Amino acid sequence: MLERVREALSDREPLPHPGTFEGWRSTATPDPVDGLVQLLEDAGGEVVRQPSIDAAAAWLASFCADFESSAVGETVPLLLHPPLPPGAPDTAPLGVSLARGAVAETGSLIMDARDGRRAQLLVPTHVVFVYAAHVYATLREALIDLADDLPSAIGFHSGPSKSADIGQILVKGVHGPGRLIAVLIESEG
Amino acid sequence: MSFTGPTKYREEAAKILRETPEVRTSVTAATRTFDAHRIRAWEQIDAESWRDWARDVKTHALGNLDAYLEQAEEQLTANGAHVHWAETADDALAILSEVVRDHGIESTVKAKSMLSEELGVNKHLEGLGVHVRETDLGEYIIQLLDQPPSHIVGPAIHLSVDDCRRLFHEKLGTPLDAEPDELAGAARDALRAEFLAADLGISGGNFLAADSGTVALIENEGNIRLSTSLPRVHVAFVGIEKLVPRLEDVSGFLQLTARSATGQPIGNFVSLIQGPRKSDEVDGPEEVHVVLVDNGRTKLLADDVAWEALRCVRCGACLNICPVYRQTGGHAYGWTYSGPIGAIIAPGMLGLEEAMPLPFASSLCGACTDVCPVRIPIPELLVHWREQAARQGLTPATETLGLKAYTKLAQSPELFAVANSMLRHVPLELAGRALPVLNGWIQERAAPTSSKKSFLEMWKEGIE
Amino acid sequence: MRVSLFATCLGNQFYAEACADAVRLLRHVGVDVDVPEGQTCCGQPAHNAGRPDEARSMATHIMHVFADAEYVVLPSGSCAGMIRSFYRELIDSDPGQAESLAGRTYELSQFLRRVLNVDSLGTGLRGRRVAYHHGCHALRELGVKDEPISLLAGCGAEVVEWEAAEECCGFGGLFSAKLPEVSAAMADRKLDTLPDIDFMTSSDGGCLLQLSGRAAKRRTGPPFVHLASALWRGVTE
């Protein structure tokens, strides 16, 4: 098959790679974190900002009062485990994950397979912790960084699951989580 | 239901217009909405420069495709994935059969993949006794209806909400007046069980980054993430033209494609898949197979003009703006890929004779060139295929002779004036006997009336 | 200043009075007009049908007919577009002359606005509600968009908002006859979205034939007026 490709290209002058394209935006967002929050909220996600891990843990404790169990990601620090009995990803009403980072330009949370894919995808309500220090301004920067240490899969989650396939009307929560809450932790200390 | 084939385009289009005019209404509304979203999303960025960049990266990639394919294979293999090469659809299906046999696959969940439609994957799996379930909501709907997709991005845009209500009432037992939320909820519950039970997940690939061995997939629902994460085996069919040199290039394509297709900054869920689950991961497929598919793409690549069509990122923007596509939706085109992109790749991939009359199913209005994110010069390619069609004798003889005769007239002003005068006195209906193609005009429009005197005659007599 | 008018095959046959109005308009703004005798067809139908040899023959003929023209003006966006966009590549025997011709060729409204800087031709269209159909080739090959609008408004017309104004009418030359059902549906889209108007106008004879022909078949639709005639009304009424 490669031979066919080579043959097809044999009399053509190849164009060199144009390199990196810097100018994604005509207007720049002043602060990456604000940009991230704006886009996540525009996409139907919810954003909670907490100054520290302790504050985030306190928020979580009160948030999960209405849930019976939760599926927790492998990389979530113990302090951020919800005070709930553990549940299987396919039955728990709540999932809690730690994002590897986030991308301001696209409003995306970076979900690493090592955290556990099922808990990121099967739960109806998904709480994702992300440190402000791990927010990349652009997708390109994020990918360059991620390339050094790639798991089997990375997911970029930019909002709750949605579809407009039924008569162009937007519905949420089709397959992935219908409710996405990003908890932005300002400082890791 | 399988595709009718492009050769029936005219009849199928006429039938849709005549018998199901609501399709035209649904498709017009849906495509106008998509296009409005794209316009807004492009206004937020330096779209012109971005499109230039995307065109150049893809052109570069295609120009060095052999090297990048080799690099991709190397990297994917190093990631633990199995890489297969499929020159034809049969090759691809044979590889799939082997995977099914080796793993005792009984049920599959499918992520939306136009390539898998092109290859006929579903029918093949059913033939092997494997249960196949489309999980994209739009694909699920048309699977229940046993119809092919009508649009590259929105397979069910030809259907109204009421069509969906009736379908779900029949198949899932939802009430006839259910809101879209309820319908989607019913689909979600039905499909969830299938996700959890399936042993094989099948996807396509939006992009394949050669330097990291990454298959990139875009979606909004989450069904692709689920289909490629839950089952123990994942097979990804990737057309060889999907190659992009670097993972960092993928960042630009993910965003440009999403903005062009649905007006979003990025698809709601993006999967970057390197290979099977690693030893330090708790879940994920045990095996990942990436099938690199040719199926006519090298033929297109060899064509000195039409190769540009391989830059396509399958955003559907050209379908959304095309005034021809808008009248009927995709079914009239009779093949996996419809609209302007379908018309320019079909001749390369199916062969020109099979693809007729698609290169002529265009008024050459050029709206597609305004919206293609990778700047494919679609009207140029359409004229190129028309030239090939004329050379290969695939156009009606009357057309060829008629144009030749017209050309002679146009080089002789006196004869031209005579013809002008004849047309003034001979009704178009009669002229239609000599040139049957003119009957097409009279069928739908009143015959035009010639001016009492030609302009050149008026000029000779003097114009006040 | 001398302008050579190229009436075009459709203009000569079906819109002779409009071409005469184009002559009157140009004279009215102080330009001498001639009409080279050998003019026939620019070759676009053959080019679009994938017959480069036939197109080349016609184009070469036209190039010679207008060889000495100071300016070539056409009451047609698509034919002007053909000459400007395709002649150079098509006439490989003399690309230099083809390019020179292309550089001197204009669609009527484009010429009036961009070369002659005409603003207001008169007040004859005052109180008239007019819909302007943008022919695809004028719009995309020539980049002519606000020229006809401003000239019509300059004569007092109200050029109305029209959702489908820039969408293809479905003519496409042979397309209209080869795939008539879809072509008619495209015309219907234009006609069915028209707001209440006094007349519709456009710079292209092909588009006008398509839309007026479809409207007549359906026994509906507004009056259709070629842009040259509309603007001449702006002068005389």
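Labels for the chains are A, B and C, by order of writing; each one numbers its residues from 1.
Methods note: contacts are C-beta pairs under 8 Å (C-beta built on N, C-alpha and C of every residue); 3 or more make two chains touch, one makes a residue touch a chain.
Since the structure is predicted, the reported quantities are computational estimates derived from the model, not experimental observations.
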| item | value |
| --- | --- |
| Selected interface, A-B versus B-C, where C-beta contact pairs are more numerous | A-B |
| Chain occupying the most central position, where position means C-alpha average | B |
| Separation of mean Cα positions, chain C and chain A [Å, integer] | 53 |
| Between chain C and chain B, distance of the C-alpha-averaged centres to the nearest whole Å | 33 |
| Rounded Å distance, chain A centre to chain B centre (Cα mean) | 29 |
| Residue ranges of chain B touching chain C (in the complex, touch as defined) | 9-10, 13-14, 17-18, 24, 28, 323-324, 326-328, 357, 359-367, 369-370, 383-390, 395, 399-400, 403-404, 406-407, 409-411, 413, 416, 420, 423-424, 437-441, 443-459, 463-464 |
| Residue ranges of chain B in contact with chain A within the complex | 26, 29-30, 33, 44-46, 49-50, 52-53, 56-57, 59-60, 63-66, 69-70, 79-80, 85-87, 135-138, 141, 154-157, 159-164, 180-181, 183-185, 187-188, 191-192, 195-196, 211-212, 214, 220-223, 225-226, 228-230, 240, 245, 247-248, 250-252, 254-255, 262, 264-278, 280-284, 288, 292, 294, 298-299, 301-302, 304, 307 |
| Contacting residues of chain A [partner chain B, same complex] | 1-2, 4-9, 12-18, 20-21, 23-27, 39, 43, 74, 90, 105-108, 113-114, 116-118, 120-122, 138-140, 142-144, 146-147, 150-169, 171-177 |
| Residues on chain C engaged by chain B in the complex (per definition of touch) | 7, 9, 11-17, 19-20, 23-24, 35, 37-41, 43, 45-52, 54, 57-58, 61, 136-137, 140-141, 167-168, 170-187, 189, 209-210, 212-214, 216-217 |
